[in-house]
Amino acid sequence: MIKAVSPVAPTTLSCLRPPTRNGFTSRDFKAEDSIIRVGEAVIGGGSFAVIAGPCSVETLQQLVDTAFAVKESGAVILRGGAFKPRTSPYSFQGLGEEGLKLLSLAREITGLPVVTEVMDTADVELVEDYADMLQVGARNVQNFSLLKKVGRCQKPIILKRGLMTTIEEFLSSAEYIMAAGNPEVVLCERGIRTFETATRNTLDLSAVCVLKERTHLPVIVDPSHAVGLRRFVQPLARAAVAVGADGVMVEVHCSPETALCDGDQSLRPEDFSHLMRDLAVMGKAMTLLS
Amino acid sequence: MIKAVSPVAPTTLSCLRPPTRNGFTSRDFKAEDSIIRVGEAVIGGGSFAVIAGPCSVETLQQLVDTAFAVKESGAVILRGGAFKPRTSPYSFQGLGEEGLKLLSLAREITGLPVVTEVMDTADVELVEDYADMLQVGARNVQNFSLLKKVGRCQKPIILKRGLMTTIEEFLSSAEYIMAAGNPEVVLCERGIRTFETATRNTLDLSAVCVLKERTHLPVIVDPSHAVGLRRFVQPLARAAVAVGADGVMVEVHCSPETALCDGDQSLRPEDFSHLMRDLAVMGKAMTLLS
Amino acid sequence: MIKAVSPVAPTTLSCLRPPTRNGFTSRDFKAEDSIIRVGEAVIGGGSFAVIAGPCSVETLQQLVDTAFAVKESGAVILRGGAFKPRTSPYSFQGLGEEGLKLLSLAREITGLPVVTEVMDTADVELVEDYADMLQVGARNVQNFSLLKKVGRCQKPIILKRGLMTTIEEFLSSAEYIMAAGNPEVVLCERGIRTFETATRNTLDLSAVCVLKERTHLPVIVDPSHAVGLRRFVQPLARAAVAVGADGVMVEVHCSPETALCDGDQSLRPEDFSHLMRDLAVMGKAMTLLS
Amino acid sequence: MIKAVSPVAPTTLSCLRPPTRNGFTSRDFKAEDSIIRVGEAVIGGGSFAVIAGPCSVETLQQLVDTAFAVKESGAVILRGGAFKPRTSPYSFQGLGEEGLKLLSLAREITGLPVVTEVMDTADVELVEDYADMLQVGARNVQNFSLLKKVGRCQKPIILKRGLMTTIEEFLSSAEYIMAAGNPEVVLCERGIRTFETATRNTLDLSAVCVLKERTHLPVIVDPSHAVGLRRFVQPLARAAVAVGADGVMVEVHCSPETALCDGDQSLRPEDFSHLMRDLAVMGKAMTLLS
């Protein structure tokens, strides 16, 4: 009886094939640096882009106050979470579509393009409607269904490295997005999980060097999530410039004390202003290197 | 102008609340062991359940041959992947719905209930239609959208620990499922990522002790993925019994040499038969303990 | 002028050579299991040896009370620290030679051979004078000077795996001892450092499987230090039997509440008696395996 | 009979006491930055010190050629290993005292003070006789006997963080040296062991921030051992400046291809010259920060 059931046709097993040995993400496929444009912002190719904003979208006031502050200091993209990945189901989960609307309003008011996280394949179109750039968070770096889905978006993607993701796996996850048709991927190092507990995670700046060698995609750094403490964001952001990253993403909140999420690691507008001055000095220094 | 925009109503920020301090998963909420039934199979409450089958569903012949073999040796649930989470987009991704149909046929033919992984919120209903039990894989352990979605299923869930998931985070992920309404969760320790490379991952059997103390949910062990080498599956499965786990999930393939996935760690039917004899001896010993 | 300085003669650079490709520790060099004898105790070759005693030697009373208790339950070697490696210089550092004398007295009184840690090359002869077996602790697993020195001892050595020692490095450390002339080495898995904090360290029982395959040396397990919590020592010791270890080393204290060191993980004599009954049942089961 | 044995006198148990709550290493004990002088070199207190030289001392020619090259580019201390901690007993173990003599000669010839590793308590006086500064290596960071012994030296110590050492443990190890009487300790971050294998270890630059906050001791960075690949040493050394480190230690070899040890990570003299120019630019930028 079993024999009567026809086996699956071999064609079903056929796989995609990489365009070159190391795939779309590799320098084999494309030698020169990719440049990703988000509105007027440019990531990669020699510029240093700063993405800033609150962990979570809370109110329009909070969002716009923060947006104007970071724009004034030189940020080129506004970040803010509408769908929040939280360890506990009892933590604030984000405002959802309401948050997306507020982000969209903030863009209209301030002129800054916005990036926000998408967590569910079912929400990809919705997020794409409101945002200028989509983020796949660290916990979803190997959510392959989501990677395929954002690979069919027409908007650029920030892909964050997971807490446990090797550099090779990280590039494979970016390959999913590119293989699905979206070439606009920005990689973000945001700390890995180690035995050390003095900082939230361990920022792996060597990974920036390794990634820049292997891939043409821009590589940015998120010191806020990596270190988890406001006062260490500034030196680590400087180090990100020094190591050759294409930008940073930092959490800024107009009132960190009242933040619904990640207040301890959020910079105040005045901290951010100092940070930007430091980054300008560092950036200038980088142009003088041998 | 901005002031005119009304702030988000406080109600939007309201969160779920845990039923007791440590939530649905805790012994605070339910002191006695939970028992999960899958067809005639029982997980938890003193029995030792063995789930076995191939990594991927390939053909009906492969599936049914393997299923009969593992059933004969005493397995109570058949496992097999239709949607496969693969690091590379160029690796075999599973047969998808075709694979689900084959699993369903295998159940009809052999009488074994089937468990299979779901990776995408969009596929949850589909998988629920075909399978008796759904698995959330290690890479999706903090895919909170997926956890909420399977939390609305009427079928039991196996939740695998991620490669870098702390025990506390693991329980929080199970809490997502229970808070969404599904009390039938089986936790599966499958190895964590460490610096050691002699084995695929590091099986954390201490976690079984910790979990059994904190939660009433059944805890099973997957030695196949943890160690990644066929010859070490048997001793580690014995150790899982000895440490007090409620079951094991092991990969078995009627022809590991030709397996499309994870052949190196798959037991042959005769290996599995030896394993089951070992587990019976160990199980008997456990009843004699002080 | 510099040229006038003669270069170092090539002979100075000559190194030891391994006896076979993988060295003295490998199955290449010796296929059958090594058996290490310590007084009347036997480690390796099919027996299951239990080493027990307090973390630190405190008083003769404490040592002898504990020794008689563990001997009565079946322990074959008494452990106890005279030189204690402590993270802080302000913690109790052990009794030093006074502790060695007490260990020696305890052996005379109880008839149990004793094992104790040596931390300093300068103390090796001293410790060898008093003890029947020397221990190199986890923090000194790559203290190569110490390894060479104990390699010239006439007494067997327990070498503990470090918190971040790969299996390959662990065997290389054992190779130092054997290459220096001492073939009597017992390897001890005692947990590795990972991100998980629910247990003190993560016991890596897979390492026992890997080690037993690669080396003829006996492999024992220290669940006390690995897990750090008394109530989990028993299930993990059972698992050590099940996975094929040659013995366990456990901390037992006649009065854990007053212990100067590691009281939380020390078994009481009655706990140890239960443990030994469990291990006997497990050991019996192991003889019945296929 | 046992009762007749007098218990250990309580005085034996007495411990050292820290001078303040967090010990000698803490900012509690000393608020302002410590400045360590080695010959004419200064580490800490605002300067940025570069220590450079070969992994191993091989010949006087090699040592002097390298020393002149690094001195010319601005290095202030010469490093070179005479006693080499090697994973395998069959690897080159260093020239021992012969190497110390060559270091001493190199100092005479070039005028650079020298730092070299000591691995054995028995060699501390010997090394102190020849070297200007002693190094305790990563594998000996919790070799407490060695820490106590170098704590009685009259020369400054570089203490390297171990592969598995938390920041808290690292400071406790430094505390051992200071509690024994030697206040001149320089801490060196040199990468920790994580799951990532693309680099030799993972350089933890956040640790520099944390250490600088907690301790008055100078903190330097060793990018060579951390990353293990020559081409990434330069960007990581720049990042060390940017993050606020007090110096770097880098491996330089006049002929890396023929190096007996660590050739892959050693800079050539011309690479080092570029590196020093980069560091000067970075250092200048740091003086311009807000």
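As written, the chain order gives the labels A, B, C and D, with residue 1 at the start of each chain.
One rule holds for everything that comes next: a residue touches a chain if its C-beta (ideal position, glycine included) is under 8 Å from a C-beta of that chain, and two chains touch if they have at least 3 such contacts.
Computed from a predicted model, the values in this text were never measured in an experiment.
The chains that touch both chain A and chain D are B, C.
By number of C-beta pairs in contact, B-C leads over the other of B-C and B-D. Chain A and chain B have centres, each the mean of its CA atoms, that are 30 Å apart.
Between the Cα centres of chain B and chain C there is a gap of 36 Å. The mean-CA centres of chain B and chain D are about 47 angstrom from one another, to the nearest whole unit. Multi-chain contact residues, meaning those touching two or more other chains, occur in chain B at positions 164, 193-195, 197.
Interface residues of chain D facing chain A in the complex, by the touch rule stated above, are 164, 166-168, 192, 194-199, 202-210, 213, 226-227, 231-232, 235-236, 238-244, 274, 277-278, 281-282, 284-285, 288-290. Listed in rising order, the residues of chain A touching chain B in the complex are 1-3, 5, 7-8, 12-13, 15-18, 23, 58-61, 64, 85-93, 95, 98, 102, 105, 109, 119-123, 139-140, 142-146, 148, 162-164, 169, 172, 175-176, 179-180, 193, 260.
Contact residues of chain B toward chain D in the complex are 193-195, 197.
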